[in-house]
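Lettered A, B, C and D in written order, each chain numbered from 1.
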Amino acid sequence: MSHPFATPELDVSEWLNTPDPIQLSGLRGRVVVIHAFQMMCPGCVAHGIPQATAIHNTFAQENVVVLGLHSVFEHHSVMGPEALKVFVHEYRIAFPIGIDRAQLGQAVPRTMQQLGSKGTPSLIVLDRYGVIQLHHFGRASDMGVGALLGKLVAQSATIDAEADQGGVCVPSSK
Amino acid sequence: MSHPFATPELDVSEWLNTPDPIQLSGLRGRVVVIHAFQMMCPGCVAHGIPQATAIHNTFAQENVVVLGLHSVFEHHSVMGPEALKVFVHEYRIAFPIGIDRAQLGQAVPRTMQQLGSKGTPSLIVLDRYGVIQLHHFGRASDMGVGALLGKLVAQSATIDAEADQGGVCVPSSK
Amino acid sequence: MSHPFATPELDVSEWLNTPDPIQLSGLRGRVVVIHAFQMMCPGCVAHGIPQATAIHNTFAQENVVVLGLHSVFEHHSVMGPEALKVFVHEYRIAFPIGIDRAQLGQAVPRTMQQLGSKGTPSLIVLDRYGVIQLHHFGRASDMGVGALLGKLVAQSATIDAEADQGGVCVPSSK
Amino acid sequence: MSHPFATPELDVSEWLNTPDPIQLSGLRGRVVVIHAFQMMCPGCVAHGIPQATAIHNTFAQENVVVLGLHSVFEHHSVMGPEALKVFVHEYRIAFPIGIDRAQLGQAVPRTMQQLGSKGTPSLIVLDRYGVIQLHHFGRASDMGVGALLGKLVAQSATIDAEADQGGVCVPSSK
């Protein structure tokens, strides 16, 4: 099932906390939360990562998948994969994290550029079709994020049921 | 539209922050959040009321209605209506508050007894049919409460659509 | 030992959490912290009372005495002694609290007027001579308050030693 | 002026946020606060560094000097000087920071070993003679730390005055 407005795959050079690389297309049918951060960004450490962890702990993984995206756009030399692994270990982060692929001669990494993110922390929420429903830069309230995710999870279930019945609002694959 | 398991009306002796008394039956079709508190309960002041306010600020009132319920079960003489009005003014509480009706010769007020609440703060969430979906005593996370409300709001919209089409899952009124 | 600039006695109509009324003159030689509050003042509940409790827990009582002063200047009818006793019980306040004496025909109680306080919460710190060293309206940082109290406690000890040796910087009583 | 129990000099391989290396002996007469941390230690980032900053902002530098000490005892390869400089920049740390000298073949750096610190965050407070008055591992309250520093600052002033008068409690230099 593919949607014409589905987000392209994350361009990731390495994955942590997952045995296999993650494809967004393989997560269709689930809500996906992408928390874009940098390990030395104070707002990410203080608010973004605790919020991503709260999402990870609140929702069942068959409904909502949380992915970290390490989108380094400054100080690349000290936020490489080895440093990130230590950070992830020390902060006990449990969800998968993809390292946004660096671009030769450019500060901004590839996925961040594709998504048009303004910076870190950014919270990106994809519905079950992989379509972006939220792209928020900065701090978002837990109540507001919880409300959106709860809504998307419920819609998913409904649409699943419709799809089973041959409903017409499900985008068809070509 | 009435549901066989709909919560009975709140037994309230006086309403604040609303021109008219509120009937739960008049709110069918909307999600209703009841925050049961006592004005001198530290957990209510520190967590419960800020959370109820966050709900009130996050959701549109046509989807989610927040009601305070002042369920005094101790120290009745100093938490009467006049004291509550000052408290509501000083804490800038904006949503309607019902005063749970005191019972002669009993500490626990009537609605609290009917609902079987363990104490304050308690958070009670009714779906669009007036059926209890959550009855939580103590502190609940904003992420979890937001998720539940988001889900119930989305279900409401879906069921509305079904109802318009003559769907059969809407309990009929006799 | 009396000091020409010593603060006059608190004009208190009733004391809680103490077997006997407290006289400031009886506390000369100790640093005294007066936390002026109203039980329905949000800033007092959120910041002032926790800070007063932190002071009470950090310093030995032979060095620093914490006194609450319930200075009601509005909504008198619902913040009377019985209501205050419930509040003190529910919030587990352990230090003595004096009820600032109401004045007929005036909103502001007597001690608050004498001290010239702007409102609640106010933090008033007296050195060992009973002289005001801090009169702060609003929120003060724990680090700053701790620093001042630590300094005054140390000075007390020093001056005590000097006084024992017949030092001349101790104001003499007439 | 040297004290027989004065703390030995910090063994630091590089200093940040200061034009010249810092010698503890050059700070005699002032209270010195050493905040030992690691840039990827969650407790340091959440509590230790904000507390060190609060000290730096509360006390005049002629009374209290705050020094960071980056005591890396694990994951050395990703917490080197370049990474630390970025961290210091991103977290807007304003006080001087010394990098505890690594020891060949040992995880624990030299100053941490000399001081016998248990880990990070650790807070070490030296009085005006350079003698350790507090060596606290873990989280300490702002009220308690403020109290100690206020006391030490006041004692300093007193002892200064005594010293000026030829008082005998000042350790003599040989």
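Note that in this section a residue touches a chain if its C-beta (ideal position, glycine included) is under 8 Å from a C-beta of that chain, and two chains touch if they have at least 3 such contacts.
Worth saying up front: this structure is predicted, and the values here are computed from it rather than measured.
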Can you give the shortest number of steps from subunit B to subunit D, where adjacent chains in the path must touch? 2
Chain-contact steps, minimal, separating subunit C from subunit A: 2
Which of A-D and A-B has more C-beta pairs touching across its chains: A-B
If you take the mean of the Cα atoms for each chain, which one ends up farthest from subunit D? B
Between subunit A and subunit B, centroid-to-centroid distance (C-alpha), Å: 34
CA centre of subunit A versus CA centre of subunit D: separation in Å? 41
Touching two or more other chains - residues of subunit D: none
Quick one: do these chains touch in a line, a ring, a star, all-to-all (complete), or other? ring
What chain-chain pairs meet the touch criterion? A-B, A-D, B-C, C-D
Flag every residue of subunit B that touches subunit A in the complex, lowest number first. 51, 54-55, 58-59, 141-155, 158
In the complex with subunit B, residue positions of subunit C that touch it: 40-42, 45-46, 75, 77-80, 82-83, 86-87, 90-91
